[in-house]
Amino acid sequence: MKPPAADPTLLEKLVLANRILYRYGVVDGFGHVSARHNASAGHFLLSRNMAPALVRRDDIVTFDFDGAALDAEGRRVYLERFIHAEIYRVRPDVQAVVHSHSPSVIPFGVTGQMLRPVFHMSGFLGEGSALFEIRDVAGDTDMLISSSVLGVALATSLGSRSTVLMRGHGSTTVGASLEQAVYRALYAEVNARLQMQAKSLGEVTYLNTQEAAKAAAINDTQLPRVWELWRQEIGPI
Amino acid sequence: MKPPAADPTLLEKLVLANRILYRYGVVDGFGHVSARHNASAGHFLLSRNMAPALVRRDDIVTFDFDGAALDAEGRRVYLERFIHAEIYRVRPDVQAVVHSHSPSVIPFGVTGQMLRPVFHMSGFLGEGSALFEIRDVAGDTDMLISSSVLGVALATSLGSRSTVLMRGHGSTTVGASLEQAVYRALYAEVNARLQMQAKSLGEVTYLNTQEAAKAAAINDTQLPRVWELWRQEIGPI
Amino acid sequence: MKPPAADPTLLEKLVLANRILYRYGVVDGFGHVSARHNASAGHFLLSRNMAPALVRRDDIVTFDFDGAALDAEGRRVYLERFIHAEIYRVRPDVQAVVHSHSPSVIPFGVTGQMLRPVFHMSGFLGEGSALFEIRDVAGDTDMLISSSVLGVALATSLGSRSTVLMRGHGSTTVGASLEQAVYRALYAEVNARLQMQAKSLGEVTYLNTQEAAKAAAINDTQLPRVWELWRQEIGPI
Amino acid sequence: MKPPAADPTLLEKLVLANRILYRYGVVDGFGHVSARHNASAGHFLLSRNMAPALVRRDDIVTFDFDGAALDAEGRRVYLERFIHAEIYRVRPDVQAVVHSHSPSVIPFGVTGQMLRPVFHMSGFLGEGSALFEIRDVAGDTDMLISSSVLGVALATSLGSRSTVLMRGHGSTTVGASLEQAVYRALYAEVNARLQMQAKSLGEVTYLNTQEAAKAAAINDTQLPRVWELWRQEIGPI
């Protein structure tokens, strides 16, 4: 089945998102970022199975919410496309999803600690991060979200939050736009590093719920500033 | 109103300051640096609202101490220009101001720890850093210094010191020249990292007040050495 | 004695392996990576004595399992070629060996801590790392594996595991291919850093044996993805 | 007075040493490296007052052991040339000296902890680092070694060791050649970072005196390998 054509600007942003996340160390050879299809309900856009740093427009594949590729044409797809699919299914507010093994975030997931907003840049963590323990739903696995069933379980853990930690694996961050999802994934990593350091110094005063909500709202108005920087740093794609 | 023309050398230094602070990780897509206007009392120079790494001469706007832009010509300005404005108003010794989310400094602000000079490069921290708690003056906010009232409160916290930590936000550092302000912002970051590490090793002998004052004075005579390095690293602007 | 010609593709991969390990900080001016000879039982391929970052095809020398070079033609060889030789002798499953002073791994060896898999990327650590204490077999030495006797002792410590820590020295990681050995050496470093950080945060839930084995198996199917990234990052050799 | 001409190869190495130390973060805009004059007893070679990264052959000045420049021709010289002068005066085995604010080393000096060899690469630390407390000899100062008297005191603290920590300032490392001094300064930094991390994990088994001495001896035979790497990384000077 031929998928509807996606907005070229969205495709370009998705390629940029892959490159930015690599440049800033949120993803390495692994991890992926997707965007909800702009012109077709029930579909999303995600690269074929490859390193994010190398993704080009032609590598973007269209998937439905069961994780089926519409136009893979024999190319391998990510084992964990179900992370994206099941979140899009239940979170109509979500337009973009980043799954990564962002390093500073890992220690929180494996110790059951919650990410909390150390500074205004991470106001989106105001409700704290959610925690997904795959053992609770599937016993001893390969840790991957490789089925719709596991995707549903992860999306349930995420709930209405921005970020879910996946014990022994990584994390997933969502946004109302690609810009916001990339911003959140990057500052979740920054916040995690700061939170570890702050905890080693003494008792931490986190942003409270009101501060976090207000900071998140005002920071969203500044997204074009940082996206322009990232776009210029990546250069032509 | 047409502002008086600023010294082209000062404008060039201000552009360099933006680039240097980015290159050394003091600012990222956010943060800003300003200089007091050389030819017009009551005015200062600050980029329009954009990522510091991308600032060019034409992006510099003139502001008065109420935070009003004289020549923005419709361009967006930084929400937090009041940080700069209110410090210039009450600190005639200050010729340049850096506001950043310099990462290693954040953990000190959120745990109420004071930056103290670990080594002679940070003699300017001899009196310790000040601490600004926005909750004390404005309750639950978006954490930003987005008004003259908040700017006055921050400047009051800063007092006669070189650096004020802003809980849950970042820090602000001042200098008697752009070179000195950039130097201080960069070595506040270095000092913070060293101070965290030293505290994990044992009891720290900081520079005492006399040592700090003498070290700061002699180091100021070496500013041209390091500014020349930074200028060459940035290249033509 | 003229050694049999090795597969040019294998030689190219070995040069790439040297460069990749340097680019990612697993080796610095020291450390080495080898591959079992594809066409001659009892032989392996390893650079002459030089910095890994500079290795080219012509620098690859063939060795036998006693550490004798077949085609060094007067060029200096690594003092520690016996690490590779004795592991190939007793581990027929091993096709490639990385010896390094990978920084984050060192603290584990010198404190007798075991590397354990913090996340699925390091499922190959499911049995934990082995620990080699050279004092136990040879008293006070220069710490180097500079003889067959010491090589045998190290290979014995390694046993059937993927990684052996060498107290006061570094570590050695093995794989069923060059791609796998490089992957493991790199993610042993990543895992070590994460494990240190996680331990500072609280009690760590490691992958259990089943999870680790399953994760290792599925990750091996993704090696071409990351190798392609690394190959493109290195560029022409 | 016209100084005797120094060996051009030595001058080239000294320029390289400046660049290498900057590239690897041992020095930043500050710090300096010198070499004993090859053809004139009582003299040493050191750059004029400038950032190490920018040093070229023409910037090298000849000094006597009282810190007097023979050919500065009006150019500013380093305030702390007395570090070098007084060490050369009392340590005939020393051919090169590095003074830096190498970051990971600072926390040891300010907490009175001794650098000890975590791994064989830092066997030169087998006797541990010395510690210089300027307050003990001169009270409250600007922390700089800005006179022969202070240079003598520092050289006395150093004694026969390879490295002296300077509380609240930095450290100084010596070698029997430029290659060795650069190697030691760089691996003192690496060792310091590893030592901090290891101490956070548990009780550390350091190299004992015998191991350290043997490791240092064998590693010295490998200096050309790593110097060749560094030389190629710097490129033409």
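First chain written, first letter: the chains are A, B, C and D, and each begins at residue 1.
The definition used in the following text is that a contact is a pair of C-beta atoms (placed from the backbone, for glycine too) under 8 Å apart; a residue touches a chain by one contact, two chains touch by 3 or more.
Quantities reported herein were computed from a predicted structural model and do not represent experimental measurements.
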Among the other chains, which touch subunit C and subunit D together?
none
Mind checking subunit B against subunit D and telling me if their interface is mostly the same residue numbers on each side, over half, or mostly different?
different
Most remote chain, CA-based centroid, reference being subunit B:
C
Overlaying subunit A on subunit C by their Cα positions calls for a rotation, in degrees to the nearest 5, of 90
Between subunit A and subunit B, what distance separates the C-alpha centroids? Give it in angstrom.
33
Euclidean distance of C-alpha centroids - subunit B vs subunit C, Å
46
Can you tell me which residues of subunit C touch two or more of the remaining chains?
200
Using the definition of touching given at the top, classify the network of chains in this structure as line, ring, star, complete or other.
ring
For each chain, which other chains does it touch, given as pairs?
A-B, A-C, B-D, C-D
Spell out the part of subunit C that touches subunit D in their complex, as residue ranges.
28-30, 49-51, 53-54, 79, 101, 103-104, 106-108, 110-113, 135, 140-144, 146, 167-170, 196, 199-200
Residues of subunit A touching subunit B in the complex:
117-121, 123, 190, 193-194, 197-198, 200-208, 210-211, 214-215, 217-218, 222, 225-226, 228-230, 232-233
